[in-house]
Amino acid sequence: MTAVPAHRAAWRDRWQTIIFGHDTPAGRRFDVLLIIVVLCSIVVVVLESLPDLPPGQRRGLMAAEWIITILFTVEYGMRLATARTPARYATSFFGIVDLLAILPTYLSLFFPGAQALGVVRGIRVLRVFRIFKLGEYIVESETLGRALYASRRKILVFLSAVVALVVVVGAAMYLIEGAESGFTSIPISMYWAVVTLTTVGYGDIAPQTPAGRMLASLVMILGYGIIAVPTGIVSAEIARAGRAAACRNCGVQQHDADARYCKRCGEPLSASAPPGSP
Amino acid sequence: MTAVPAHRAAWRDRWQTIIFGHDTPAGRRFDVLLIIVVLCSIVVVVLESLPDLPPGQRRGLMAAEWIITILFTVEYGMRLATARTPARYATSFFGIVDLLAILPTYLSLFFPGAQALGVVRGIRVLRVFRIFKLGEYIVESETLGRALYASRRKILVFLSAVVALVVVVGAAMYLIEGAESGFTSIPISMYWAVVTLTTVGYGDIAPQTPAGRMLASLVMILGYGIIAVPTGIVSAEIARAGRAAACRNCGVQQHDADARYCKRCGEPLSASAPPGSP
Amino acid sequence: MTAVPAHRAAWRDRWQTIIFGHDTPAGRRFDVLLIIVVLCSIVVVVLESLPDLPPGQRRGLMAAEWIITILFTVEYGMRLATARTPARYATSFFGIVDLLAILPTYLSLFFPGAQALGVVRGIRVLRVFRIFKLGEYIVESETLGRALYASRRKILVFLSAVVALVVVVGAAMYLIEGAESGFTSIPISMYWAVVTLTTVGYGDIAPQTPAGRMLASLVMILGYGIIAVPTGIVSAEIARAGRAAACRNCGVQQHDADARYCKRCGEPLSASAPPGSP
Amino acid sequence: MTAVPAHRAAWRDRWQTIIFGHDTPAGRRFDVLLIIVVLCSIVVVVLESLPDLPPGQRRGLMAAEWIITILFTVEYGMRLATARTPARYATSFFGIVDLLAILPTYLSLFFPGAQALGVVRGIRVLRVFRIFKLGEYIVESETLGRALYASRRKILVFLSAVVALVVVVGAAMYLIEGAESGFTSIPISMYWAVVTLTTVGYGDIAPQTPAGRMLASLVMILGYGIIAVPTGIVSAEIARAGRAAACRNCGVQQHDADARYCKRCGEPLSASAPPGSP
């Protein structure tokens, strides 16, 4: 009876390498195939929402939807079967995403329209993102991420100020304009304040009274100035992050991107070290 | 009769510590409670403005409004009673805010809708903002504030230019478009100019004639360039403020990020001091 | 007969000092009075355009308009009479502005509505702008102006690209959308392209067809990226202009705003020299 | 028979110098004439699209269109005839553009309206752009181009994030709002998401439900923060590109503005060399 587990283990190992690995040719082919199917499934979900599809095309899309869902279900079962510890996989981030990727279609049997939730499958692309030679892009996105992370406190302070301003301006416009101009409640006035401060300006709600227009003008010019703040924060951080490459000897960070020697102590900077590495 | 004042003084002292202080456990609990009640009162004010509330919920919100107002009134009385110099408290910034926090509800007995003014209670949050370990956020907001303060003259020059532009463009559009397109007066045309220059663009007033659209296009492209100016100002200031590390000898702040010696007096700069520390 | 010219010369000299000068108390009082009257006249012009004024107020504003115009006419005559060379004054920039300031009211006798042109009087404020202690603001506006001037070529290149994009996108949308969606001609499509690229987005003209919306989405994302370019240009120039203070010995310009010694040659920098002076 | 080819060669050489060259007076005159005709042809195409032209003017414009097209056709024939290797010219970038410049008018005989494609002629301006003393502008546009090229990866990472956000937000709004508010399909909801994230905000589609407006507010504030990212990227790159002064020994470009020696190899940098010179 030991031969059967050995046989099963070999079967599991081979498929585990294909499904979870990125290093073998078969594993790569599987990854590329998966990325294509995921992108196709998103296109199918988007197209299916079109209201005036001819019945033939709609049936075709539904068939594609179900084929993709069954493929994903099989793949999810295979992952569960071949994972070293199925329970840990099922509760991991990608395990949950893989489950969420197949649920919407089954749910749509009971709740029509639920398949639109299928766009969540897009997260699956992240899993195999790293198989391509995208290293440089990952460095860049890390640079962007680090710049945003470094300015998280400034951004929070800024967002609190914006929220406070939205509440105060919303209440003021509700009092000034009233229901005739569409400012029927403070939440709707706050929605208007967000639409205005961010310079989106739909125009579905707009002040009509002279006093309201005067206040709105002030809010707009303020919003014009406020738009400068996050831009300034992120600009300064990106400029700083772009220069970061720490010296291993003295720890100085503000070297230019192409510097070869530490400008303080002369220690050679390792060119291959990722910027910002400790 | 001296015992009674002594008893009263002890009573006052204990409550003063609780109400005004932030250091004792009781004082902290009071602060946290106050912040929660303030946030609740704002939510109540916002919800109360909804026009289509069921009568039951509206009565519930009005009850909550009155309970909070009575709590705030009691608290205001306690502050007056326990403050060292009640007159100075009553005329201080926070004394006036505390009074303004309870007035709107009483006013709403005579002027329906006045309770919307209650959003002014939000300012009360500032009072207890510092009890949390928010020191780093305060440093950040001070950095932002300093950046804005340092560029106040540039911003004023910029705003004057914008106001002048708004007046001239508003008058020109009033002459070109006239009342048929909604440009019924110069103030309304100026409102349109603000809406356009800030790229909000509601669309409730929009040019209809070829000449008006040509001028509007110019104004938009100008506004596109103008948006760059405050952003540039604030970016430059934030980048500069971020590099600030004061010299302990002479107090100069504008050193480069990698400077080791004060550029004015030669004092070594301590590298470990957090930027912006006094 | 020589006494009369001498008498006239003394009279002219005294009034010339008052009207053209800024150094005597009388001259200063005249300047302050002039600035107030100019600002009043702009307010009058703006208010006069309101369509639903009661006849009484309209008559009052018209009276104010005529009184201000007569005052300006007298002042213009005085300036002509007391100027050293009246012809040169009449053809100077401010001479023409002073004439333009009084013409609209007289024109409104023949062309109703012409008085709206009176906002041109705002330029007169510039004349006496310098009498106040506004030196620091002038330095700031010169810094801003220098930053814009230094980046004039980048801005021109950028504007040419925007204009080319507007023409191409306008023609494409005209072909794709056609008259049903409001894209009735290429100029109107170009107007739409400007409204969209600058993120103003009135919504009076908007694409309706799937192809048009797809192209519009591309244009918007492009415009989103394009908005970064002028901001980047101006940011970089303001950051640079803020640091400019040339060394008199070696000519290096990129000193920090508070540097006291040239960082290249050690020459003391004159703190009082306006930044950017040769 | 050898005399005839020699004669033809001389004729071809002379015309080749005029048509393709920029150095002789005749060649320059040809270039200037060509640029004027190209600009005229664009104006004609734009004007022709106006729907309410009097028949006389429309006929005039059509005549101008045909005259210009025949001129361009003759010029295209001359270029083919005088080019050293006609096949290589015909398949070169400018050869194809020259052909595309004449096709729309001929196509309009069969497909009315096709002449609007004639705006593609604008690309022809690029050909003779360099004949003017525009060297400095070309340097500036190269600086801008280099700044954009250097940040291409950051921009791509950013664009991918925006596209992912647009898909997710579009699907969510489609589920929340539904067809009553105009969110009739996911593609239309994605179009709305682009219009909102880029702060264009037409208002032709806008959320009506409280949940939809809450999500929209979040998206707007997010978009407000997101607008900071490309601006920060381009600002940092332009600031860096502006400092570029290449070392003549090793070619390194990213020196600080006040560096005197190359930071990589120690070669003195020539201070007088224009930035960006090879």
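Lettered A, B, C and D in written order, each chain numbered from 1.
Operating definition for what follows: contacts are C-beta pairs under 8 Å (C-beta built on N, C-alpha and C of every residue); 3 or more make two chains touch, one makes a residue touch a chain.
For clarity, every value in this text was computed on a predicted model and none was experimentally measured.
Two chain pairs, A-D and A-C, are weighed by contacting C-beta pairs, with A-D ahead. When the CA atoms of chain A are superposed on chain B, the rotation angle comes to 90 degrees (nearest 5). Both copies, chain B and chain C, contribute mostly unmatched positions to the interface they share, with under half of the numbers common to the two.
Here the spacing of chain A and chain D, counted between their Cα centres, is 31 Å.
Chain geometry summary: the mean Cα position of chain A and that of chain C are 44 Å apart. Touching of two or more other chains is recorded for residues 187, 190, 199-203, 227, 231, 233, 235-236, 239, 256 of chain D. Of all residues in chain A, those touching chain D in their complex are 42, 45-46, 49-51, 113, 116-117, 119-120, 122, 136-137, 140-141, 143-144, 147-148, 155, 159, 162, 187-188, 190-191, 194-195, 197-204, 227, 230-231, 233-239, 242, 256-261, 263. Listed in rising order, the residues of chain B touching chain D in the complex are 199-203, 231, 235. Chain contact summary for the complex, chain B toward chain C: residues 153-154, 156-158, 164, 167-168, 171, 174-175, 179, 184-187, 190, 196, 199-203, 206, 210, 213-214, 216-217, 220-221, 223-225, 227-229, 231-233, 235-236, 239-240, 252, 254, 256, 263-264.
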